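Next come the structures, one after another.
Below are two complexes that have subunit A in common, paired first with subunit B and then with subunit C.
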Partner chain A sequence: MYPLAKRPSVWLLPLFLVVALIYLFSYTEMESVRGSSQAAVAAASTTLLFSCLLSSVSSAVESSREHLSRGVLDAASRNYFERVFFRLWPSVTAGVIVQFTSAIILLLNSKVIPQLSDALILLGYVLAITAHAAFGNFLGQWFHGRFSIPLALVGSYVFLAFTGTTSFFPLHYLSGMTLNGCCMAAQNINFHAIWALIVFSALATTGFIFLAGTNRPLEKKRNSAALSSGHRATGALLILASVSTGLWLGKDLEGIPAVAMSDEQFECSNTRPQVCLNRVQLSGGDRRMLVAQSISSLTKIGFPEPQRVTASMDTDPTVEEDGVLLTAFEPSYTDEQVVYAAASSYASALANHLCDSDDFDQQFAMIQLLQEWSTGYAQEQVLGIPSVGLEQPLASLNRDQQQTWALGAYGSLARCEVPAKPGKDS
Partner chain B sequence: MTSVFRTRQGLTCLFATMICGVGAGFYGQKLISIPFLGSLTMPTQMPAPVIPALLLCVILGACVTGAERRWMHASVRNIWAHSAVFVIILALLSTLLCSGVGALTNQGMVMPGALYGRDLAGLLALWVLGRLFGLFAAATVVPVGYVVFASAFARNKEASFYPWAWIMESHPQAWMGICIIATGIVAALILALRRQPLYIG
Partner chain C sequence: MSTLSMENLSFSYPRGAVLLENLNVVFGPGRTALLGPNGAGKSTLIALLATVLRHKSGLIALNDSDGSVTATNLRKYRQQISWLPQDFVPVGGLTVEEHVAYSAWLNGASRREAKRRAPAAISQVGLTEMAQSKATALSGGQQRRLGLAGALAHDAKVILLDEPTAGLDPNQRDRFQTILQGIDPGKIVLVSTHQTEDIDGTFDRICVLDKGQQKFHGSVVEFMAMGEPETDPRDKIRSAYGRLVDREN
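Let's look at the complex of A and B:
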């Protein structure tokens, strides 16, 4: 085996690390992971592109070197799996360093202590990186370096890039990069996605190692010729098993690997109305009072008063029937955004329960106008920010006429009727 | 002629040329998603012919490099010129196949062929530049690295592609791509005249 200083992963590591960090800082919104270590670790999946390519290409270089020198440098003093281990560990370690660096940076930005369950996501990354290293090793054993090195890059890139873009969702989770869709503040990661990645990567690694060689390196120069048919069949079956098991584990997953947090994970305030937020949403400071004030500013003028306002995504209640109003809340929100999100809850509820009629466009236009007015009104009442930019002809009405129109519009839309345009009846 | 074809694994290259040309013709007008920034409001698609062009570039590059040995630099035969002609003929053949298949599948003849031809020529130009600077077998990593880098960093804040990421553009008239192709032609001429790279490690 080569000394560490001559391992390709050692001199490729700084290059890939710098590119991965540039990518991370350019395209990842650090605010989006605040308060959730799970979201932070999952968001690090974007840099799998670089860590997996690094491990794939460096193991292809190492393996093709051995392919060329078989029988000279690598006598059969070690058994096959030992040799594979000593060949692959620097590539895997380099990939893991890149991946864990981005995970640590995101965890620092989340400003919370990581949980034990986050380790499972990290394990998924390590196994994904190992699978790419095994793939590079397989190519290096079968082909000359001039084929195997670029093909390792192309193969890993195509797999990472395009599994996540098909309309067949279970396929997304085999490469791991789609994990960055997790999670909003009211969501947890769906661990089926992690298990799909772990099982697929572990089986694929074993399959590629089986396909890459045998325990008899001196027997024949051409590795592929030295493989027995049983050996090839085992390797191929393991790769087939990895794909089918991965797809089976991810069969119920959709485009985003997240599940809504249950209602039990929300803590409710003693305000009127009650406002319920979870620990992630509260990590940016307790602003439940601000949400309550925003809703109260609208209920005072006649909007229906909910018993509870929640930022849960688990259920789909209505104010009229359940007394529950859904709102959106992220820990990174400014006060202005909190009031905006709370005040637009009424319009959002209407948009979520759009009536089945031919007037979708008109309904939607009125809902947007109602949202514009209610958010502007609440921000003026709660934060003292003057409402500007309201559309004509609503802007030309006086305050009472605007309120009358908004209440009437809300009532009409809740009854599946298209309200009159502002100014027509006011 | 036979020697040029055989030493460069002509049959493998011809097979790859046909497969990639036909594949690019079938999918010439399609766009494929670039996944990494799907959540951002930026263009997230690239033309499908990039992938067959990249594969053909890797295969041609590897086969050509396999036929060249350093001691051949002093040969009476101009192996650099032979390799350049071999690659140009196969690239043209592949582009023609792409246009033909595009026409047969009602995708139009000009667009798939022009796009695939631009991508293939541009990637081969990057490979030749790698050879010019003495990368030998590792020269095929240059076009692959370029595609990976472009798909990750191609987009600017104004939701469009940077000019250097011309391979992501879905229309063939990218001036930067044409410049790269022209540079590749100059590099191939330099190699054919010098019969050795600028740097030999």
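Let's look at the complex of A and C:
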């Protein structure tokens, strides 16, 4: 009847799919989603740029074809929403194919089984794509194809680009483009971001469908627009409601749509010190012993011994007061990176609790030097990798002098004092 | 027997003159020519019957038992009518066969049924050889036949054609008249025209509208009886029409 081959979405699909995949492989760090299906599905948001544009442009082409016709649809007995569905489903499906392909590729790279909650992110994508299809359909019904098609392309692109880059964060989540900020291994997605996308897209879709249906050429030409003013007002109100509700749902969101996993989601080892990682961090293998060894190599020479080392970002403890040392851990880390991250934890804790002082630059410089030394030392002790490239004058000191300086520097920085430079007092 | 009736039907455009006023007409099965000068309200009446325009007052009913057309039974009503406007333009990108099937689907046929009915409707309007051609590539006359094929494929009880032969060359007009003559006589076919030469032999009945008022509604024979005697049928129709319609037109 209306063969798929005649649908613009079908012949635009291969082009958009290829470009989306090239973009995905060029700009997405596949290792970053290892262990987290949520991060994988959220990272697919980068290709919304292509799936939404495909959906918007192809529905504008179809819609403008019908807009130019006369006497075919005007007196049709098929329900308006049935006709809209028939017109939009190939455009939505094509967009969903592009989007789900990138999600599947990233899910395969995560090497874990998807969770039920990932479906909500996918639903957000489907609705976002549908909203763009409804937008293209609206333009096609109101304007000639030579205007509606470029308008659909530019309108969708500007919306995606603007909401993705503006400094007003709640706007980010109307398009879904910035969901790829989720998630580090110790984070979960903030579902407010998904609900903002879902509610905005659903209301905007309905609004555009209403607005599209109010342009009846015959009635407009001969009988004024008064007949459809109710529908037009409904459509405009729905668009307004979509934006305001979306912004309200995203009002507390910031640049990254993620929340820290709670402590309960971490599994602790029987090592000394105890090391706590979550299931995402453990998905690449249990390397809690390696973390414990790295910390122990520093506590043996006098660094304060924590009772627990955790990669949780939910709290902000200190070793001295809480006996808890925070560390970073991603499942994609190599052993060398694991030791580096663990040994950096002391310096990172200092950087996270910078003292109120006029010597920020000096404090930072000393923290950096301390990190350089402690990571090199731990890698040498735990993995046998010789420490090279240490900055002068620290490098010119012998091993004992270096240790003395490092411990002294840590103590001074913890007391909000700027330590002496290596070689001066050590 | 199906009837399409109007009772006290009135219509005017906002801030415009009254186009139809208290019109009472009943159309029965067969081909009826809706005659009238330009601006008589023919196209408006056709558009009102097709429900692409909404009447301000009065009733439109297909079969008295179904009651007047309202928002609640609009879908059912539309399933039974087909409308071909004067400025028919097909949907781009489709072949003739696809277009006819799509038209049938839009008017309630299932996909399978629409596909099944399309070839017969195309054959009835003489476009079989063009079945795989692009609908938008057809000539003006062929496009109107395409529109009629859509109406036939839909199997509507009522076919409303607004000036279907306007602007067509004599060959195309003759062809269209022949197709009209082949339509099932059980259907209500209402054709607006201001070309009196098309009437004889094609239509069963004539309804004359002028300034929104019905001036005549009866058989072609009755209509010709009002014309000049001793002239050929075309002249009789022309003279009868001239007597009914204000000369100022």
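One rule holds for everything that comes next: the second predicted complex is superposed on the first by the 406 of 426 C-alpha atoms of A that agree within 3 Å, B and C clash if a C-alpha of one lies under 4 Å from a C-alpha of the other, contacts with A are read in each partner's own complex, and residues count from 1 in each chain.
The criterion applied here is as follows: a residue touches a chain if its C-beta (ideal position, glycine included) is under 8 Å from a C-beta of that chain, and two chains touch if they have at least 3 such contacts.
From a predicted model like this one, the values you see are computed outputs, not experimental measurements.
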item: Subunit B versus subunit C as contact partner of A:83, first or second or both or neither; value: second
item: Touching partner for A:68 - first (subunit B), second (subunit C), both, neither; value: second
item: Contacts of A:119 with subunit B and subunit C, given as first, second, both or neither; value: neither
item: Contacts of A:6 with subunit B and subunit C, given as first, second, both or neither; value: second
item: Which of subunit B and subunit C A:237 touches, first, second, both or neither; value: neither
item: Subunit C-facing residues of subunit A, complex; value: 1-3, 6, 65-66, 68-79, 83, 216, 218-219, 222-224, 226-227
item: Subunit A - residues contacting subunit B, complex; value: 19, 22-23, 26-27, 46, 49, 53, 57, 144-147, 149-151, 153-154, 157-158, 161-162, 164-165, 177-178, 180-181
item: Footprint of subunit A on subunit C - complex, ascending; value: 13-14, 47, 50-54, 75-79, 81-85, 87-94, 98-99, 101-103, 105-108, 111, 114-115, 147, 150
item: Subunit A partner contacts - residues on subunit B that touch it in the complex; value: 32-40, 51, 54-55, 58-59, 61-62, 65-66, 137-138, 140-141, 144-145, 147-149, 151-153
